[in-house]
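Take a look at the following structure, please.
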């Protein structure tokens, strides 16, 4: 217990802003990644990164507000992240089977 | 001024209604049993109806000795917003004379037509039209209000259209018919506007109502001038005055009896009748009267001069009609309504006579109308020659024939205004003399110039044709006695008779002047006659072929190129303009705008769709940008 | 009750047609139309011209927006009902000869359209009115689309979209009015009761007028009309020209004049000007048409232009004239287009140049055509004359120069009608005309009633004016009171 | 809540049915489940306000109406899909299950009272859809559709989550009641972070309802996915998304109009213009319907932008009308495509000649979508316009009117092509299940159009 | 000294994520992201959310990333991806991301965030608290996440199950 207290006191030395800042940066990097890469895998990774950024933010809010709900929320995000990854990779495999490519723009038959 | 009538109103109603109804009835018989009745029967009953209504008119005429007017109210035609148009007749001294002229001359012409139209495939149709015409003409003169009069007014226009285009296989005739109707329409529109304004002014459109209100309200000269001018334009259309006269000569396309009845005796005089009918109104608008006078006299001289160089026997008579009508308007212009009306009556007699005579000539010449191919008919067609001769004398105003008295009336009235006008009137008269003499000599005297085989069967027309001619001759000779001036101890019967409708102005001028004027006039006439005789009898001149007509004669022969002028100035430009409206404004501009909007949106669609590239990465981009966009939007606001 | 029947009878009959045998479709349709006519007569006999709104049915319908099912008839509605129900049997008979494919649907649509138009004339709730207004459009659309000739498909789109374009603005106006009053009600009472500020009235006026100007059509919103009339099957043309455009004119009287009087007072004259110019414009264009049906289409524009101008005088003279003329125009248009159809059956085109000399072959036809033509140039004793007289009179009282334009139709009308008649019927008979035969009894069953109507209403217009006088005065009273009220303010 | 459980359970059950290879039972099972759920929703609803388990879910009039509509539409889709999937029988039960799960998500999305549930709802709604979209795995189009939908979807949900977190960070709770309280407390000076959060959530919703400029996925996905799925997306999912959107705005930021009103108005306008204009060009019927879906979203956004208490009824009405209309349209599309391979509008030429019934139904659907009285589509628009003009947004309505004119054009083009002559299309045989759906659809369209009150009584 | 920890960890996280971004070979990207996640986990611990940290490690490092690697190897995709976007697009991407960042940053920069003082006994992130929360307030979402997983499973099966036809 005591070490927990100590830790929390030390933590408060770091302002909340820094955490938010960090997670925003990570989020934006994720966005860039999605927009920048055509490799399906990397795009998925970027999404994961974004989700993590959000996790971090939620977690920091929750602990700075002394409110566990935030962290509970993080769990749900993880759940969804996991599910999405599963779907995404399955889709990737399927598409790779059909097109032998993981370029996200390899499929652009539907247009206009 | 209308006294109650003591005789049995119902009988009068029936009689009065029958007068127009009988011809209409005749018309319907023709329509419904078209080809079931023989030519003879058709002709007979058609004429019978007219004769009957003539007799009935006589009955009314005698009835009118006891009273000034008979008013018959049938039903209200339509009434809205304070305007009530009754379907009612008003028989007064003015209309009864018109009625008798119409039915009288009408019946004669009907009888005549039985002979003239004999064997024409459209015989029955012809008579049905004639009956219809008489019906409308009677409505016109019997109406007790302007709108009902307008009904007759348009109706006779319709009949004239039908009869001019009677031989409808010939598109030229049809064109002439259209021309007549359309030109009348121009006048009619003006007339309508005049009526609207009159309604605003007087609050009613019955003749009596208008007259009473004119007495009541303080006259507004400007308004009255506009009203009367509009009415007069209407009259111009109907009575073929400048500038709306050109249809009348073309109207000669119709069968000759039609020309006689419609385009000489009755319909074309409707304008005169209308103005005389509303003389109180016109008297209040002196400016209009001046205009009428000028238009009248100009038309008279103008048309007379044209008649000088025409070679179609009917065209000559047509122009003479125009010119005579001009004289009547001239008379109105100088304020001598009763003189105008008197001339109307006599003119009805002698012009009908002349036309029918001409018809008989044409009939004898087996359809030839060009006077240059005639001549010397006095030998072959004696009766026709004689009656025509008398007609000529009458129209030339040679005493003591009817024309003399009526024209003399007009001239005297003109002299009252100013001697100058008298002079102009005289000149117009002299033109008449000139072209009538020319016509007479070229057609009846000298040698025949017709082809041999035509010559072979020139023949006098049958009784059925000549009899009406003779009757008309009698009328043409003695018609003058209706209104003998005091000078000859006459009582100016007609003038007095009309006095309830047309207030008479009894001005006396010294007998000497009157004698003198008459002397000068007669002298001039005689001189012209002599001149003509020299030209066409002694010198045996014949009007040249169209090819070698030179100089001013050519202008006259081409009627001052008025038709061409109208064509170039009005018809063609209007047609071009209409085409412009259709092809450019309607199709290109207005419809273009409408279709353009549609085209534009499809164009937008084809452009916009390129955004939908199908590449996911682009969609992701768009989405991110969208997020940025809305964030920016909100943060900024 | 009568009112409802007048709407339902044709519609139900039309729907019933769909399941009845194909080959008797036309007869059944005719019976239905005649039944409706009979019903109309019965209604008319019980109708009291001075009784104001009659045969009213008024039930709540859509509570959530305070919309009521409110129908009823005053003189004006009665007249319009008479018009549409007199014409529809004639129109149906007129179509007997040319066997349209799939007659069941064809006549069903005709009847539904008739019912819908009746609905427009009797509905006293703007929402209901709008529903019928659009409902009338749909059958017209299908009629023109499926049975039209030439570029029907293209033309139909234009017709539908264009008219809808106007109607939708009317819809906005209706909604706007409805939210002004209490509980969004669109009932005529609420709408009439509204006191709308003068400046907003303008927008309402424009929105309504756009719809009606397109429907009528008033120059310059007319370009859909000639094409549509030309390419649609003749019964559709008759319905469009004979009845449907009256919906627009009727609506001006019912929904514009009493609702936005100040705007009418202020800007009505501009509409008058457009309408009057349109008369000249359309007549001039009609003169240079080479296609007979198109010519008649343009002439119709000219005629309704005059009516519109007359309505916007907002005088008893003008409105009554409009009433008389609407009926007359309906009858004449049907006559003219039927003549067109008869010619089309022979020539398979409306090209004037190809015709000529028909009078020799068919004197009776020529005569009847002549009468119809004379009616359409408003010769006295034909039905069109009293109306035209009143209209011109009313317009003249407002402004002679506008009247000059409006009156130009009197002359130009004679020009194009007589010239076309001459080219079509008169002259030497050309080879194509040789095979032309005199009209038979079926044609007579159409044309002779029309001619009779022409003379009946020509001789006794009191029938119409008497019927509508009271209602018209009512409208004018509302108008004047509102005007004076706003002047006091 | 019970209904949710029932549906979820039914989904699982139907999987088992699949496992035990008794496919015949699948359809009756799921339909019964839906009926049961419907019954529960209707009878369990006490007209009041039922809040569950720490305000996670709320069942009030609002969610009630939306749920009813969604369940009904789903039933329709299930009926169609039975015949649609007659050939690939092996996954049928799983697909049913996914439908039901997705429906569960939809119900949650309309009944959430906590941002967490909002999030879960959206995900539970979407993830089955990603799968369904790609479910035709041999077909490249289907793959593409699935991929696009998935990528965009997860990208969008990232923003949603960020938004939720922002709100959580500022309002210190996920509970909407608390958030609403927070909004009320500091009206006017809400912290930018909160506002940003709300905007991102709105953005996520706009994505789900496929509003311009977040619409790009819609046409492709709609076109690529199996038709039944498309129908599901176009109907149920739209209903759910709008339900969620309106609930979010109502439940939290309603008083702070500055945040959402202009935004929604603006988006509505560009959506209307974009959707309608783009649809003009289309030649493929399915794609056209996709664009019409976008356009219709625009109309509903007009209502959302001018929201008040009564609005949700109008929106619901509109959604029902639109949903039924497009479901009918999709069904017809599939019938034709399935038997003749025609999927273009021009291909419809001469449909009327041999298939009067189909053509007539198509005409009804198109007229209703085009908003021609007396069909349901018209009154939907009318109500929405009344709503908008009540809020004095006349220009919004003018835009809507003008664009709807464009809409009329392309809907009518479809209809008139089907009506026009030429008999390219042979007589098609229509499976019983389709007949049911089509007839029912037409009846509903007419009934709703003629007496909208029926509907209003049904949903409240 | 916690400061140092924080900055170090965040530096690592950012650096790795950037590296992940600019790797041409997907395999490396995965590994870099893995490192990034570990540093994030470290941050969780600093936030006194140990349980969260552990779960994070387990789920992400243990499950998700492994899944990625599995797929990569399974499909043998560890060859450098030849397809890249034009620099123009890269720039655009960076700009978009950057501007988004700026906006969010501006949003949160202008708000003073609530920082409650740490309670004497901070049990926010402890297992018990979270457990309570999850099974009281968040019971429904918790249950429903099962539905989520279920559908995910079904999806994977539907999409990749070998069907009998082409064995």
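For reference, chains read A, B, C, D and E in written order, and residue numbers begin at 1 within each chain.
Everything that follows uses one rule, which is that a contact is a pair of C-beta atoms (placed from the backbone, for glycine too) under 8 Å apart; a residue touches a chain by one contact, two chains touch by 3 or more.
What you see is a predicted model; the values in this text were computed from it and never measured.
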Common touching chains of chain E and chain A: B, D
Core chain by centroid distance, with centroids computed from Cα atoms only: C
Chain pair bearing the highest count of C-beta contacts: A-E
Euclidean distance of C-alpha centroids - chain B vs chain E, Å: 105
Interchain centroid distance [CA atoms averaged], chain A/chain C, Å: 68
Gap in Å, rounded to a whole number, between the CA centres of chain E and chain C: 72
Centre distance in Å when chain B and chain D are each reduced to the mean of their C-alpha atoms: 79
Sites on chain E at which at least two other chains make contact: 85, 89, 92-93, 96-97, 100, 103-104, 106-108, 113-114, 137-138, 141, 145, 148, 151-152, 155, 159-160
Numbers and ranges of chain A residues touching at least 2 other chains: 20, 27, 30-31, 34-35, 38, 65, 67, 69, 76, 80, 83-84, 87, 91, 94, 104-105, 107-112
Residues of chain C touching at least two other chains: 161
Which pairs of chains touch, using the document's own definition: A-B, A-D, A-E, B-C, B-D, B-E, C-D, D-E
Residues of chain B that touch chain E when the two form their complex: 617, 621, 624-625, 627-628, 631-632, 635
Chain B-touching residues of chain A, taken from the complex the two chains share: 31, 34-35, 38, 104-105, 107-112
Chain C-touching residues of chain D, taken from the complex the two chains share: 310, 313, 367, 372-374, 378-379, 382-383, 385-386, 389-390, 394, 397-398, 401-402, 404-405, 408-409, 412-413, 416, 419-421, 451-453, 456
Chain A residues touching chain E - in the complex, by the definition given at the top: 1, 4-5, 7-22, 24-33, 35-39, 41-42, 44-46, 48-49, 52, 55-56, 59-60, 62-69, 71-72, 74-76, 78-87, 89-94, 96, 102-103, 105
Residue ranges of chain B in contact with chain D within the complex: 598, 601-602, 604-606, 608-609, 611-612, 614, 616, 618-620, 622-627, 629-631, 633-635, 637
